[in-house]
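Next come two complexes, and both contain chain A; in the first it sits with chain B, in the second with chain C.
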Partner chain A sequence: MLKVIGKNELGKLLEKLNDKFRIIAPVIRQYGKKERVEYHQVEDFDEIFLDRQPDTPPKKFFLPQNERLGEEKSGEQVFETGDRKTLIFGVRSCDLKAIDILKPVFLDNDFTDTYFEKRLENTVMFGLGCSKRQENCFCDSLGIDPLDAENIPVYMYDDGERLWFDVRAGELEEFFADLPDGNSEELERLKKDWQSGFEDTKIGIEVPIPFPELVAFNAPFWKEVAANCLGCGVCTYYCPTCFCFGFFWEKREEEIDKWRTWDSCMFPLFTKHGSGHNPRETQDQRTRQRIMHKFSYHPHNFEGVPACSACGRCISQCPVNIDLRVILKTAEKHLKDEEGVKSGG
Partner chain B sequence: MESKYSEISKNIQEEAKKLLSQGKVERIIGFGRGVFTGEITPIFVTEPERAEELLFTPECDMMLAKYLLDYKGSKTGIVAKPCDTRAITVYLAEELIKREDIFIIGINDCEGLEENDACEECGVRNPVVVDLEIGQPREEEIEVEIADELEDMSPEERFEYFQKEFSRCIRCYACREACFVCACDECFVDSNQPQWVGSSIGKRDNFTFHLMRAMHMAGRCINCGACEIACPEGINMRALTKHLYRAARDVFQFEPGLNPEEKTLFATYRLDDSEQGFLD
Partner chain C sequence: MVDKYLLPHRGEIIKVTQETGSNLNIKTFRIRLLDEEVRKKFKFLPGQFVELTVFGLGEAPFGFASSPTEEDYFDISIKETGLVTEAIHNMREGDQIGVRGPYGNNFPFEEVKGKNLVFLAGGIGLAPLRSLINYVLDDKNRDQYGRVQMLLAFRSPEDMLYKYDFSSWENSPNTMVKYTIDEECEGWVHCVGYPHELLNEELDLNQPDTVYFTCGPPIMIRFITEELKNSGIHPADIITTLEMKMSCGLGKCGRCNIGRYYVCKDGPVFDLKQLEQMPAEF
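Moving on to the complex of A and B:
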């Protein structure tokens, strides 16, 4: 069903949903001089801000930066489950795709990550189409539709005045039943307009994905593209798909808690061996790892899909403005005539 | 205003072209603009034909001096704001780089940068060390004072303040990487034998990281503001380091990065040194 409401009526709808769901939505936070849009649990629905892509992805609701897994000696596992399911409201196509990218990693047949699995089962996301290109994104260049997504119960559109709800899940229809119907032809016209905005600003990315592994690994451009990289972890910590983590243990009275926490391939400690040897000694090797994981190793392992949803946050947040698009275009120059070796190659 | 910066940029380009084609330097570290972002990004120019990519605007808020450490032993030119030359001066005083390895294209009469609050507290508007000057030096001195939010706070209030600020820290280490002072071969954060600080974003580990880092800053930090600009979470990074800057200045009459011949604060000991602590 297609429904449409004035944006000022959103509160009423969310009041209803709030009984069944813990609602997470983008809100503005002021930190020092930085005005940030972030996903937080909201009680005051007037706070919700949908006008631009949030600065942080919703990854932390599936893979928190710090997560207590359980008690080491007893083997007891800890799962936080609230009284309500979680609803993440207003998730754009890039961030929806990012969660899809994480699924085969954490829900592998040989090993299922129960923590991720339980969070996924306990969460519903409402998609939100982008009526214009966001700061540094290029999802359309990687085959992602900024105006639609698959397997999403509700996908929304914001035309500035009104919010459109394309309700696809029967079990959620009750919340929308009283709302006025939307005119699907009108929505199609709007989408066409928005779509043409994307076409006008599209960047062609023609590098073969997956990158042919050995050729790309040994390519000469890594030093060049990483020359100004400071070696911080901003790109990986703001990335909606970077999922690497480390473990640590903490003593609590007699118990020993096992935790996991995000880690980043951009840090030298990430690969430092107990012997003191580090196979990735220099920053260009670490940058190569970040890019190769996303555009070679991951797509080799998972049906050709790169571990990047082109949200552009690594670009927007980088303290020295390193641009992933430039790295991809540089790789394209070197690899264009190489063939992406298919899975297992 | 705009013409001033295009004039500076033009001068930089011309001089860079000469230096590169005459083989006086192997590369020039400077500022350029991203193709897609349109934002300022550090660039490394090795060919004279690419010299025109260099530019200078009030958006050029990254500190470039740290990149010099990547090119020790090979002649490197650098486009340097006055704060960059202070950073270079600290490196020279600490013998981290050799004067003959670098060629400093210094920018005179710096009016401060758009996004950097630290510029309002900076009285150094001409390069401290320089090989080639761009523009006319500023003659009159600027009266500035470095604000210290911590001064009037009780220890409890300071604790609460930092608890609030550091609670947002995601431990991406952008502050450390953007900071020219943070140039240790191995940072204590990257040591696992022993492990000095845990990697979690809990209160304890975040505090440990920021306090231990600050301890390395006394008498070395020049209050350039790079840490604060780099921090993606908008943490007031300079609250701690400014306090230390003032302490080094007021207790030991030492301001780092003003004289390459002067020994560093930590390398000098005088019998009449004050016993006052840095965190008082």
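Moving on to the complex of A and C:
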């Protein structure tokens, strides 16, 4: 069912949904003079801000930055899921795709990550189409549709004045039944307009995925593309698909809690052995690992899907302006040249 | 597989053996899981590893050093190198330790039945091989394998470990054990020199149907595998075990990722043919 409301009527709809769901949505938060758009639980629905891509992805609601796993001596696991289901409102196609990328990693048959699984089962997401390209994104270059996504109960569009709801899940129809119907032809026209905006700004990355492992690993360009890298790890902390983690321990009285925390392949200690030996000793090796993992190793293991949803946050947030699109273009050129040499062309 | 996922079971240290002199502090800890149900289900294979937890401090991966034919407990040999290993070294019989695992693949002990085996170990690299050696030389299994040759390398006589095993290994049928140290010293009657320099001299590398298992410092593995290849051994018949900073043990946390492999899940045992196809990052 297709429904459409004025944006000022959104509050009424969310009030109804709020009975059943804990609502998470993008809001503006002030940090000193800096304004950031982030996903938070909202009670005041006027706060919701949908005008641009949030600065941080919704990954933390599935894989929290710090997560208490349980008490270590008793082996008792802790699951903090709350009384209501979670609704994450206004998730763009890149971030929806990112959660899809994480699923086979944490739900694999050998070791299902119960913590991730329970959060996933407890969460629904409403998608949100992008009416224009965001700051540094290139989702259309990786085959992600900025105006649609699969397996999403509700996908929304914001035309500036109104919010459109493409309601696909029967169990959610009750919340939308009273709302005015949308004209699907009108929406198609709007989508076409927005689509042409994406076409005009398309980068067209045609890098082969997965990168051929050894050829790409041994390519000469890594030192150059990583030369400015500080190893700060900001790219990994803003990334909607990075999932490396570590553990830490916290003592309470007699008990000891084991926690899981995000970690980063950009940090030298990440791989350093007790003996002092470090398989990824230099920063360019670590930058190479991050990119190779996303575009070679991960797609090799997971049906050709890269561990990147092209949201562009790593580009926006990098303090030394390292641009993933430039790295991919460099890799594209190198790998095509190599292929040319091999085939004698 | 018993696995509470990310949280450890409780084990008790039932025996501590000081292996080496003070210059290279290696101890072997015999650990028994406390819960009977867990203990029964805990089945490991040679080549696999566990994560040991010092409660409240941290955990670290260690290869099994005993054979699964010894049920009820397992041995882990630990060199004191960092916070966790230091804390374990301070533990005594009766102390409790967290145990997560077993993790990883194993030495192909089934696949190599009927073949001749050569073990090439350096220092504490003998620990994971001891699990396989004791499995193969176990009375119940010995007749399923061919000739066994070993070249065990240590820095000095002070640095030898498992000395208490040597006579039973030497006396095992169709088995030859050689020892070497880096530099000549008084009273030493065995070989002297780095193991890769002694391979052709001290071992019979010309026998067919032979599989080579090597473990030791990375530099030793490199020289040995090169030497073996130069002697015409097929890379698929050279097997080693990789050490990375495995943390979760489940192929997720990312530390042990090399190319498409996660050493904790797809390894730690690899043959040289596989290693040659992997990014050289170990």
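The criterion applied here is as follows: the second predicted complex is superposed on the first by the 336 of 345 C-alpha atoms of A that agree within 3 Å, B and C clash if a C-alpha of one lies under 4 Å from a C-alpha of the other, contacts with A are read in each partner's own complex, and residues count from 1 in each chain.
In the analysis below, a contact is a pair of C-beta atoms (placed from the backbone, for glycine too) under 8 Å apart; a residue touches a chain by one contact, two chains touch by 3 or more.
Not measured: the values here are computed from a predicted model.
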Of the partners chain B and chain C, which touch A:Lys73 in the superposed model: first, second, both, neither?
second
Contacts of A:Tyr297 with chain B and chain C, given as first, second, both or neither:
second
Just to be sure I read the superposition right, which of the two partners does A:His277 touch: chain B = first, chain C = second, or both, or neither?
second
Name the contact category of A:Asp263: first (chain B only), second (chain C only), both, or neither.
both
Once chain A of both complexes is superposed, is A:Tyr237 in touch with chain B (first), chain C (second), both, or neither?
first
In the overlay, answer first, second, both or neither for which of chain B and chain C A:Ala227 touches.
first
With both complexes overlaid on chain A, does A:Gly246 touch chain B (first), chain C (second), both or neither?
both
Applying the touch criterion given at the start, work out whether A:Gln317 contacts chain B, chain C, both or neither, answering first, second, both or neither.
first
On chain A, which stretch or stretches are contacted by chain B in one complex as well as by chain C in the other?
246, 263, 272, 274
Which stretch or stretches of chain B touch chain A in the complex?
34-37, 39-44, 62, 66-67, 70, 115, 117, 168, 170-174, 176-178, 186, 189-193, 198-202, 228-230, 232-236
Quick check: in the complex, which residue numbers of chain C touch chain A?
3-10, 53, 55-60, 81-82, 84-85, 98, 218, 243-245, 247-248, 250-255, 257-260, 265, 277, 279, 281-282
Can you name the residues of chain A that touch chain B in the complex?
30-34, 36, 55, 65-66, 136, 203, 227-228, 230-234, 237-238, 246, 248, 259, 261, 263-264, 267-269, 272, 274, 276, 315, 317, 319-323, 325-326
Once bound in the complex, which stretches of chain A touch chain C?
69-73, 75-77, 105-106, 110-111, 113-114, 213-214, 217-218, 243-247, 249, 251, 256, 258, 260, 263, 265, 270-275, 277, 279-280, 285, 289, 292-293, 296-297, 300-301
